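Here's the structure, in structure tokens; my notes come after.
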Amino acid sequence: MADTSDLVLEVKNLKTVFFTNSGLFKAVDDVSFTVKRGETLAIVGESGCGKSVTALSLMRLVPDPPGRIVGGSVALEGTDLLALSEAEMRKIRGNRISMIFQEPMTSLNPVIRIGDQIVEAVRLHRNLSTREANDIAVEMLRLVRIPEPARRAREYPHQLSGGMRQRAMIAMALACRPALLIADEPTTALDVTIQAQILALILDLQKELGTGLVLITHDLGVVAQTAQRVIVMYAGRKVEEASVESLFAAPKHPYTRGLMASIPAVPAPGVAAQERLNEIPGTVPSLVRLPKGCAFAPRCKLAVKRCEAEYPPLTDWGGGHLAACWRAADVAEVA
Amino acid sequence: MFAYLVRRLFLMLVTLFGISIVIFFLLRIVPGNIVDILFAAAGYVDPADKVDLEKQLGIDQPLVVQYLHWIGGLLHGDLGYSYVSEKPALQEILPRIPITARLAGLALLFSASIGIPLGVISAVKQGSRIDYALRVMSLSGLSLPSFWLGLLVLTASVAMFGQMPIFNPNPQSFGEAFATYCIPAMVVGFRSSALTMRITRSSMLEVLRQDYIRTARAKGASDAAVNYHHALKNAILPVITVIGIEAAFLIGGLIVTETVFNIPGVARFLVEAIRWRDYPIVQNLVMFIAVVVVFANFIVDMLYAVFDPRIRYTD
Amino acid sequence: GEPKQGGILRMYHRDSPANASILEGATYSVNVPFMGVFNNLVIYDQHIAQNSPDTLRPELAESWSWSGDNKKLTFKLRQGVKWHDGKPFTSADVKCTFDLLMGKSQQKLRQNPRKAWYSEVDDVTPNGDFEISFNLKRPQPSLLAMLASGYTPIYPCHVSPADMRTHPIGTGPYKFVEFKANESIKLTRNPDYWKKGLPYLDGIEYTIIPNRSTAILAFVAGKFDMTFPTHITIPLLKDIKSQAPNAVCVVEPTNVSTNIIVNSSSPPFDNIDIRRAMSLALDRKAFVDILFEGQADIGGTMLPPPQGIWGMPKDKLQTIPGYGPDVNANREEAKKLMQKAGYGPDKHLAVKISTRNLAEYRDPAVILIDQLKSIYIDGELDVVETANWFPKVARKDYMLGLNLTGNSVDDPDQSFYENYSCGSERNYTNYCNKEIEKLFDVQSQEIDTNKRKQLVWDIDKKLQEDVARPIIFHARAGTCWQPYVKGITIMSNSSYNGFRYEDVWLDK
Amino acid sequence: MAAIDFDVELRRAGAHATGGWRRVLFLAQRHVLGAAGLTIMTVFVLTAVFADFIARYDPLSVDAAHALARPSWAHWMGTDSFGRDVFSRIIHGARISLAVGIGSTALGGTIGVIVGLTSGYLSGWVDLVFQRVSDVLQALPLLVLALIMTAALGPSLPNVILAIAIPLVPTVSRVTRANTLALREQPFVEAAKSIGMSEVRIALRHVLPNTLAPLIVLATAQLGSTILTEASLSFLGLGIPEPYPSWGRMLSESAAEYVRTAPWLVIFPGIAISLAVFGANLFGDALRDILDPRQRG
Amino acid sequence: MTKALLEVTDLKKHYPVRAGVLRRQVGTVHSVDGVSFSLDAGETLGLVGESGCGKSTVARSVLRLVEPTSGQIRLDGEDITHLSKTALRPHRRAMQIVFQDPFASLNPRMTAGDIVGEPIAVHGLATGQALEARVAKLFEQVGLRPDQMRNFPHQFSGGQRQRICIARALALEPRLIVCDEPVSALDVSIQAQVINLLIDLQKQHGFSYLFIAHDLAVVAHISHRVAVMYLGRIVEIADKDELFRNPRHPYTQALLASVPSANPLAKKLAPLVDGDVPSPVNPPPGCAFHTRCRFAMERCKTERPVLMGDGHQVACLLNEGTGRPAQLP
């Protein structure tokens, strides 16, 4: 991370917890990362590992109660978002930092026209007349390749298909040309063929606008095809961070490795399919009763005494490939 | 849309037809009829006179014949004659309608204009002191018998002002008109405003949890914009339904309030007519109420379509 | 001071009368508002509280005379009287009215509750336009009492009974303007009233308010000049007095007796011992204390003196079993009777007490049940809707009934024949005692009032001893008006008279 | 960033409240109003059950000597015009109100559930007929229907209960039907079908238990409104007749005559009614919050 | 050739779209529009396709949870399409279903043991102790502890819940299990566990799966043969290896190309199709895919291709007669 001027986002030791009646959920525990201009950072992990909460923490939209950001800093273009007042933060949301949500079906207000929802986003941050904002909205819809954008702008969300709604969400998020775009599983709810279209679109636009992108997904395939750098989260913690190539070539954390092995592959010509998948035994631990040591230890084949007693620090294993594992060195041997 | 309207109208007619049967036969199984009551006042029954009178009123005929006669008349706009006053039923019912309508309209207005904003506040401030206070207040509103509230208002106004807001058919001044309609309307509306508030609150809470609210916040919208522009627009839908249903309930509430405030509207008239077993009045009045209720539901459905673009009655 | 002309008398009405026809009506709800529209042949003096043979005054009749055999009553009629529609009043109208009442005319009343009053009248014959005679089957001096009742207005011949129900035409001081059911009744001054200079009022307006508390609040708030006559219960009277200290209030008997109808045709009350025991167990004073704070009368069938003319004197009354002052002694006796009939502390008699669903009926019934407990009778209240009450009573579908009997004139003929003669429609209990029935006829023909009184007392006493229809009490009720209302007299032995209001005026 | 006291926050969220009693206590703390409602309801039920032991006088016993006595040590809430002890009448009145409330809610609820379940389950013409019938019932305001029904049946305790119950049927059946329709589409119902379970058994074992929660909430709310309906009917002269000490009639009758001269006759029954309805509503509200998982914060 | 366990011939399921005053039918949802396939004992047939293409409807029709509009379903050679409910009951034991959503598939108010034991109880196969024992055994089979029988569904994790569903399906010892997206709702690490379990169970008991998924990789992994559906029809069906090695229908090709490869060095995302799936209410005439197909010809708009071929069957006019794959330009 040489050139700090190029940094759009710098998250340091972010901690977000939920106070619930079953206890304290450390949804995001001591997570740090950076995003450069034009760069795509993917966050992967299984359900409940804290991906969405991380994203919401960046936006300062963690529902309170029960959630609360309890530590760390989030610097967007040098400003610590966590230190801003709510009013100042509002000026930044949707303007410098934007977010696309997982559910295109429910994330648009059903009783407001698509165009008007984009117009609102524009006018909140730019001093424009409705007309000008309207033009921008239509322009944005065209940009996300919605046919007949002017007509679609006057339609309501239910009149659009899932893919189109997600495009409209993207148009809304990008309307103010933010420095950072967070896409929280933007394609999970969509069909594969549509998913490919949307991902390609996001990447195109990102390139065009030079936006930093945080792409959250649980699909390692998506990661491989879109990101430059990857964070793997497990039980609220960052367990591994690396460039895509490095991660896929040689994962340093047994969890990452297990994950990769457990995904069936589309049989490629000539490659015989394996009979059984490699499975990671057990289940993801509850975020309340996290073990003292490594949260993955109970499911880990490599686990040793130390893993249960002591949480492994994130260590650089070369070339900025970070992993939090006592036995990262042995990972390659095992599987 | 047109097809939908026709279908709705058809269903409404089916419902009304059902109501006509229910009310007609329910009334006839009520023991005792107008003749009994007339004679009850006299303290004796002369069987010959009774037969004469029953014949005169046509209630000696088979029920089906009576029913067909009634419905036949209804279709021609002939509602028959009141047994008691012997005037055309229409002439008895019609002048009372505007009174009740005004009362009900004002009550609804009151209910909505108090209930909705308070409901929004209570939802937005969920869990705060204001929320608690508003909820307790609305629940107390729901817990007061309405005749009791009405009597309290009357008693208090006599005690405090030596005056009472009793019905005045020809109010001379604004003050009189206010007393004539607004005070009773507020008494009725108070209860339904509590309901409106509750439903607004829970509907708002539901909506505030929705994804699109988060989207709006992510755009940088202010709390006010989120609550009133994004949330209320969606939350208002169930509120409309409840207000629509309330319109039907109001008539029940009005029975009591019209009695307490001595307002010569249709609601109280209905009670009197039931007491007198004045079939033509009861039947037609109930049909009228049913038409209003059924129409209110219809309007609610239409309003739904207005407020919710997802609903288009195209089929 | 001197009566002043003008002003509208505003009253509330307790409920909406069925129609405007007094002849068809059987409740003073019709009587009160419409009496001012009509005149009678004769009327009790409207300013003397007690209706008695001495206070009879001519009205449409200028004078009357009895024939020597007391079987023909002839009236000389007033000339120059006009109906409200301008037609002249003649003897034909009188004949029409009584033919209607006797059921002899072509046109029929929808209901004719007082047909029995004229059972001794053979026919009514006009002699020229202004004289008319009633020909009787036997002497009946009290016929005049019936004719003087508020229930006996003279109807015009030229208006059908049906029209009289919706738009009555009379000769009286006030003309009918409108009657909106459940809303209001309006009368206006008859400028051509045959009594010159009357009435003083420009009109009378009744607002119909069935809810008593609303009505009274409105009176207190000054919305009305007068309450509905005899509508104020004793507890409420205090309330009005405290809130409107200036209001003038009077309490008078209504000549309505609260009584028990006993179904003696089936067990258990076919047993005279149980009937006697029940009547012995009554603590009448307790009823009066609770319901009227002491202000009601204990008596037999006839309203007790001094307001009543025919009621038994107190000493005679107290000789009747159950009327004695020592309630406990009475109840001891009652218990013995019950034991004789096979009941006792371990074997109670379960009884259903039916009554109408109106406070005037229910409240005494509640007390009755409580009192019957003392003689091993467990009463259960059976509340009956108005519409079903008389059919139920007529079917004899009850054990005990708590009933109110209103006497429209304070006269034994009306009371005895209606309620106790064999076969009378209003003799709900089917009490039938041929010997007493003979005595009814004897007293009815007696011209001498004092002699007649003795006869009536004996009959009354016998009726009580037979437990024919035990009388619990005679109610009283209050009427209030604002101090500026003048010329109101509330009758003390009839609540069906005294509403002509022709010389009422407002001192404003 | 302000320091955050994790313990306090967790306590507020109820993290310490695991296990039966602690959970109940926590819920009571969390839903203070609901707990108050439940307490009121419990007191009310206990009162009704033990009325004979609590009441100090026979509620029907007339006592001329002590008519209209002010509240005193002997008569805590005074006496009415018959000299009957108001406190005892109110205590016994709880039975009547409970009988009306529970009786009519249970009756209306049971019929409504049966109708709704059948209607939702059978669909087709049965559904159509039931739907139309409930349209018909719903088009008549509750009080109007109850009024005609009590007029038809005559004023007695069972009749009043029936008259109030019938108008409840369409509401309950609509809710049940909607739930049934939704549940019918649930995979677990399809799974039951696929193992060859009969429709009736599916309806009873899989559908019904899952519609109960909203119905319980609905029932608590209805409980209050039935008590009020009875009071209104009493006011209109068609409520529970004497000699039952019905709160509605106690209130409506004395409201007419004794507001000023003997206010205790009006105040105490009024409080009893409002408190009971209030309690039922408070409890119902809290129950809804607790049973509706989405409401949990 | 052995007789197939399940034979579905020309299955159609149309839902009416009603409108108008008399609720007349104004349109039809062609959810399943002529699907034929067969399934041998011990075989797994994968069914893929995009959302709304009718996969679940096929599954439900096979189990007679919905009544097919037309076509034939034969189980063990016996036509069960029109059997009455009672006549169907014995056949129900032969086929069971596992649904996608492990949360909604379990009645929240019943214990896990009751849920799994219910089919056995319903068919009167065992009661009391015996039932208990059988349920315990089933629990062990699917990798759950028998002491978890008393727990309620909400006390299980997603993967465990799916195991309960599978145990319930196994309870009647069926020969055919229809799996309607059984792993779509699960995490990848759990997904692998469930897939392995299914494979193991198949090996032990030799039953057949009709396995539905939208994830090609999963289908590819578990199936012996794969059928691709588009808008209510099967557009291609073949042996797994054949299909993936040699996809012939343009839609199959697009589908394969859309799956992001887990290899960052492999070709980047290249969507081969544009636009959305058309509505099944008024499916396009001719070949339903022509609106999105890059090879669409004039003929495709009017002529409807039928499944052709031996073993590897394709419904595409490009392939007609040639037996050659559609050519990528």
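So that you can tell them apart, the chains are marked A, B, C, D and E in the order they are listed, and the count of residues begins at 1 in each.
As a convention for this text, a contact is a pair of C-beta atoms (placed from the backbone, for glycine too) under 8 Å apart; a residue touches a chain by one contact, two chains touch by 3 or more.
Treat the numbers as computed from the prediction; the structure is a model and nothing was measured.
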Comparison of B-D and A-D by number of C-beta pairs in contact, larger one: B-D
Chain of greatest Cα-centre distance to subunit A: C
Centre-to-centre distance between subunit E and subunit B (centres being mean Cα positions), rounded to whole Å: 53
Chain centre separation in whole Å, for subunit E relative to subunit C (CA means): 89
Centre distance in Å when subunit D and subunit E are each reduced to the mean of their C-alpha atoms: 48
Inter-chain centre distance, subunit A versus subunit C - centres from mean C-alpha coordinates, in Å: 92
Subunit A, residues touching no fewer than two other chains: none
Multi-chain contact residues (two or more partners), subunit D: 151, 154, 255, 259-260, 297
Multi-chain contact sites of subunit B, meaning residues that touch two or more partners: 30-31, 151, 155, 259, 275
Residues of subunit D touching subunit B in the complex: 33, 132-133, 135-144, 147-149, 151-152, 154, 224, 228, 231-232, 235-236, 248, 251-252, 255, 259-260, 270, 273-275, 277-278, 281-282, 285, 294-295, 297
Contact set on subunit A toward subunit E in their complex: 46-47, 161-164, 191-197, 199-200, 203, 218-222, 224-226, 244-245, 248, 258-260, 262-269, 273, 275-281, 283-284
Residues of subunit B defined as touching subunit D within the complex: 11, 14-16, 18-19, 22-23, 26-27, 29-31, 127, 132, 135-136, 139-140, 142-148, 151, 155, 205-206, 209, 248-253, 255-256, 259, 270-271, 274-275, 282, 286, 289-290, 293-294, 297
Of all residues in subunit D, those that touch subunit A in their complex: 1, 4, 6, 9-10, 12-15, 17-18, 26, 296-297
Residues on subunit D engaged by subunit C in the complex (per definition of touch): 60-62, 64, 67-68, 81-83, 151, 154-156, 237, 241-243, 253, 255-261
